[in-house]
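One chain, subunit A, appears in both complexes that follow, with subunit B as partner in the first and subunit C in the second.
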Partner chain A sequence: MGDGNNTSGRGISANNTSSSGNSEKPEWLQQYNLLGKIGEGTYGLVFLARIKSPTNRGKCIAIKKFKQSKDGDGVSPTAIREIMLLREISHENVVKLVNVHINHADMSLYLAFDYAEYDLYEIIRHHRDKVNHAINQYTVKSLLWQLLNGLNYLHSNWIIHRDLKPSNILVMGEGDEQGVVKIADFGLARIYQAPLKPLSENGVVVTIWYRAPELLLGAKHYTSAVDMWAVGCIFAELLTLKPLFQGAEAKSTPNPFQLDQLDKIFKILGHPTLEKWPTLANLPHWQSDMQHIQAHKYDNAGLHSVVHLSPKSPAFDLLSKMLEYDPRKRITAAQALEHEYFRIEPMPGRNALVPSQPGEKIVNYPTRPVDQNTDFEGTTSIQPSQPVSGNAVAGNMGGAHAGRNGSVNRPMPPPPMQRMPQGMMAYNFPAQAGVGGGMNPGGISMQRNMAAAQAHQQQQLRRKDPGGMTGYPPQQKSRRL
Partner chain B sequence: MSMGELDNISFSCSSLLCEETEACFSETGRQEEDGESQSVYLKCCDNEDYDEYIKKLVQRETDFGFKTNESFADYQNTSKSWLECARLDAIEWIFNTRKVFGFQIHTAYLSVIYFDRFLSKRSIDEGKLWAIRLLSVACLSLAAKMEECRVPPLSEFPIEDYHFENKVIQRMELLILSTLEWKMGSVTPFAYLHYFIHKLYAESNSNKELVSNAIELIMAMAKEISLVNQYRPSIIAAAAVFAASGNPLTSKAMEVKIDSISLWGSLENEQIVCCYKMMQELQMRKSKTPNFVVTSHFSAIHALENASAKTAGAAGTKRKLTFNQSDQNGLAKKICRSE
Partner chain C sequence: MGLVEKYKAANQRAIQTLEKYGTTQMEVDGDGSLSYPEPIVRDTADKHSRPKPLNIEEEQSMRVFYENKLREVCSAFYFPNKIQATALIYFKRFYLQWSVMEHHPKNIMLTCVYAACKIEENHVSAEELGKGISQDHQVILNYEMVVYQSLEFDLIVYAPYRSVVGFINDMEEFSGVNDGENQMFKDMQETARVEVDKIMLTDAPHLFPPGQLALAALRSANRMHGVLDFEQYLRSIVMRQNAEHNISQLTESLNAIDACVTKYKFPTEKDMKHINRKLKSCWGHSSHDDKKREKKRHKSHKSSNEVPNEPSVA
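Entry: the complex of A and B
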């Protein structure tokens, strides 16, 4: 173990799980049976794999490979920030980072997450395109409750997600955690006062449909309220199966100003006024774009008619508080969890997919398609690849929402027989000092390292849940009007 | 935190405010130190959530190894003096390079924290100054990636005496990241400065001077003590604010002020006093030597160490952490050149 002679991970294909492949695999990879590629996004690829070790045998893991940073830049800042953040957070409704692997040969980074079979993007799509039926109220409420619960945890720890959208909200498949929501993709998340680049400068296209109006209007300072706006949009989408504000993205503009997106918002929520939103006048694009926005008169078309809710219903009340224009008046995650909507029947539950009440029909959602022809390097082998554009695995799968083949069989690999490396060595450095190409550039003694790394393995993250918010709201008498 | 407590926290938006423009502003780095410190550290944060935020930060400090660490003792025993002067040399390089790139001050400080945390877990063979330099480069690069909006390519780092290929620096970065278990969000004393000044010297008219003095002391302290396992960042920050105020305080008077913040226990109170006295020493040395070139023997600190050793849990390692820099101050550079 850790002798510095790890060979390259090149060309290890998903199909290559037979005897010949193992000798070429880097050690960390030998812990897994690779099943195939399940997603591709701005930051890299996501693979599905099974753990071989006896303790967790057969457990599914999503492995996100970071794209190599530009040569000469070293480890990418995005990777550092995302991993740092994931290392510090631990909550039932936030995706769990199981391991960080460094592929020594090319210094690429792989993150291993607990695998989640579903995501809200696929659940909504399935209802819209296949079931032709709204998502039942219990499921909507449970999904929303858990999403808010995870978000409340993040916000309590001064983390803003910044990129919430249905494909980043995962839902666990069969197992102990069936139907549990996991917030994923912290590629854009920020902790504490880490400096922020404007969203447009990150070089990634973030879906604008869930972007808060203050961001669209060029606010330089933004708050956790941007996440709550996105939750409002997602809530509406769960109810109607359609994105609430489906603006066309202006890709050419270098600034974050998205006129069409604002147009879509104003058409449904009405014209923002200084009375409702006093700081509006200070926002750069509000000032600079008199001609387009301010000249236009928007009627208050009425959100309730779009989402088919009675204006007096608690659901509508909650939704409209999430879609408050003024970020300072927008409801917080903590406040939303206290909202009456969650205190009336049906009560939210831990398994969002299976209603506690009998009689409700259980929907069988499609499992994620697996592209078996892509190796861990991301290169596709000669066989024709299945059209996979998975978007929502633990890692960021932003953007790609193209069609999918939902009928791919997941292969069950033969039970692995070879000896496992001791435990899961996350930080898998060779013990020898700086031999050419080795991982130790400084000739630095490593004796303590291995023990430290192993100790680290055992160490659970200690961050506590803020104020016992994981519990579900107590059963109360219905306060419905 | 109980449910009841949570209810009491009104979670206003301002608590999650991301200071985009200010941080980016200082990044241009063409300002004088004073101007920079104003823009970065004098944020207006006077709201009720700020107390809660600061409490969380203090809690977070313990997540980053501010407790007894046995392996550190070994590191201290082996060739202490060599490492001490190599460390000083590294800090000089980090501080200078920060200025060259116009990074924020706390980015340089964070680099030194990484540097010390790394060496508390791994050792570098005596004499391998190139390894120290490589470590410095990678620490600064990582800190910049955490804190700065724009990070120069690795090839632009001014590594005068050596040549490191980009790949080598990247491997070092990875080694640091994994050694520090990817916990790169270390708290620095700068996170507390404004809060403490507001709490302790709200009536003061000369905040500007107070802040720049405190920053100077915090940076000077980085050269004196290891940034792991000795004083927690909040303690260094509090001591720096007291020392920077320019009005000598008795221990009693200081305790009254410390209690008004109610962040610490009695152990920490005593540590603040010790740290404060160290900083007073530094100020005296500075007043004697105009360019802040340290020449005097720093025996007073050892006396302080003995005084505080009874109270500190990590008494065994504490004293070792104090670097006696005077005799080898110039040595590192000489070795460096002769290699």
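Entry: the complex of A and C
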């Protein structure tokens, strides 16, 4: 994507006007219509925007704005970590980075992604609160298979995600990638091949409900198995529409020890034993917090009744292998993809949302809510957020909607006749170089550096080819604008 | 575009800038954005004192000199060689995009070390780094984003050091030595590590993947130690690698890597003095011009349209 005619687009533009006022619209932002905020986290904010340029008109983009790093020590390591990983990876089930914008004035980075309309958090919530029935088997299986497929790709390239949870698993809306799963948010991801320091030095990872027991027990070194635990939790949640281990987070301590979370796990899976998990004795909290951990004795595992699966079903077998206590015995993504569960009917498909069999009921999922009242600087006005479209809000579209129409573009007022900061610059990335050779330390396959040297030619080619990737947004949305 | 063409393109652009503006160095502002020099008016009588640009050989010497400095800095901080190798690759790739006349290699060298620490998850603050070598750390922070941009955010680097260890293990197995305690292999590994150090200073890391660089280092080390029949070992890996390369292609690559090492030349002190003098004049640091330029120079975005913004396309 990007503007092929803009010759200075990728240049390093000279600029010394700092964007002091919120009303100033950075130059790169002018290629988008900003629709509103769709996400917020410790890293910063995510905005939904629509491309104005004719080549990709109407295509939606998610723009992730990173907060400045607090310590004042240069560019945010979180942002850099995410960009460098996304630059290396290219897979159907991993979110695609299409642009990086730099605001020199405050050294902040903006990442532009292909927009995915749904995420597992919203899909699960919709079923739980609105539809009141389980997600159909085909959809559950297809979502899980694609999630594992993306994860297998990451793990085979030595990347651990470390923050898998339903809200980070996106699903594409209408278009030629409809119903395709995209793993997102690589802010905590890292390469775990031959780290210079223990991974635990990066601090606490993974949202507590999806956090693997070895992390909860204070393991200094851990592996890609932490992601598989999270996948197990997500699988169960897709089946039951409720988080499997819903512990209360002890926020006061920097200590990773979370007694309530462990208790929730033990209650369902039974206490781990040294017999089943020999290295358990080496984990810091297993030793030091013995009394707390062992306060309640749970030994009969009730997982099958919680997830309403027969203990003999392939689905249950796969789930219990993902929730294996010993990380070394836990099933890997590659093994899981080969599991019997995926070989029996219904077979998983590419469009997870629309089953191929006729007669199956299609659920219209609400798209992710868009907060139109937060401007690009992150300043929020007091109005509550509203989903941008979808059946869920059809009923109250009338009054509230009409009144709000004018505020859709509020974050981007008509350009005032003042100097635009031009310190922003964009990067349209060339076709992603494969990870093959570089990721294969002993191997002698790909000439990675030559690939980098050819990047520009590739990019030229790619600019001419808009590609067949345009995800057309739903009609409803277009009408609104 | 081959390496030589890239070096030439950066050199040519800097020379053109010099002709147009009388100086080549770009300035980085506090916010990390770049500005080009403002054109200066020269009278014809001034012609003989015009600064002389570096040629591509002189640029090469400059890079070689600072790559060695980079290593010294990393050693002074006892950084693991993974960081040193990453920093070195950043430095080399940066100067595929820019001429040394445009950005002072000392600043870039320090910024590359800082960035490598950040990327390899071994964070060292800019202040700490600056303090350790008595340099202004603000320069590092100013250049950080420029370096990432110039590298196009391709920041993950695989150095050959780990490949050497992997191949040694494999060779032990190949030779039927499985105790991992064999002194001959240990000596060869150590020699190969030193060979990798040499290779990393050449252009070879731009041209060959880490596995091949490691094999070239091991082949040289084996010549010294005579541990195994290397030719036979290469044949065994080619067979295993699903015929992606045949033996002659692989040997050709290893020979080309060896040639890079043989060609490598460290500039003499005299050369460096000469180059530094030229470079200073390119940056407008000659005493004659100092005051004049200070006034003329100001940040401009107009000029950024005239000078190619994107070095690699030029």
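In this section, the second predicted complex is superposed on the first by the 336 of 481 C-alpha atoms of A that agree within 3 Å, B and C clash if a C-alpha of one lies under 4 Å from a C-alpha of the other, contacts with A are read in each partner's own complex, and residues count from 1 in each chain.
In this text, contacts are C-beta pairs under 8 Å (C-beta built on N, C-alpha and C of every residue); 3 or more make two chains touch, one makes a residue touch a chain.
Remember, it's a predicted structure, so these values are computed and weren't measured experimentally.
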item: First (subunit B), second (subunit C), both or neither touched by A:Ala105; value: second
item: Which superposed partner A:Ile80 touches (first subunit B, second subunit C, both, neither); value: both
item: Contacts of A:Lys276 with subunit B and subunit C, given as first, second, both or neither; value: neither
item: First, second, both or neither for A:Lys267, with subunit B first and subunit C second; value: neither
item: Which superposed partner A:Lys67 touches (first subunit B, second subunit C, both, neither); value: neither
item: First (subunit B), second (subunit C), both or neither touched by A:Ser224; value: first
item: Interface residues of subunit A shared between complexes with subunit B and subunit C; value: 71, 73-75, 77, 80, 83-85, 87-88, 100, 102, 107, 190-191, 194-197, 427, 429, 439-446, 448-449, 452-453, 456
item: Parts of subunit C lying in touch with subunit A, wherever the complex brings them together; value: 1-3, 6, 29, 31-36, 80, 82-83, 93, 96, 114, 118-123, 125-127, 140-141, 144-146, 148-149, 152-156, 158, 162-163, 166-167, 170, 205-212, 214-215, 237, 241, 244-245, 250, 299-301, 303-305, 308-310, 312-313
item: Contacting residues of subunit B [partner subunit A, same complex]; value: 1-3, 5-6, 9, 11-21, 23-24, 27, 53, 56, 63, 71, 121-125, 128, 130-131, 134-135, 138, 141-142, 145-149, 151, 153-155, 164, 166-175, 177-179, 181-185, 191
item: Subunit B contact footprint on subunit A (complex, rising order); value: 71-75, 77, 80-81, 83-85, 87-88, 100, 102, 107, 155-158, 160, 190-198, 220-225, 327-328, 330, 332-335, 426-427, 429, 439-446, 448-449, 452-453, 456, 462, 464, 466-469
item: Subunit A residues touching subunit C - in the complex, by the definition given at the top; value: 7-8, 10-16, 18, 71, 73-75, 77, 80, 83-85, 87-88, 100, 102, 104-107, 190-191, 194-197, 201-202, 422-423, 425, 427, 429, 433, 437-450, 452-457
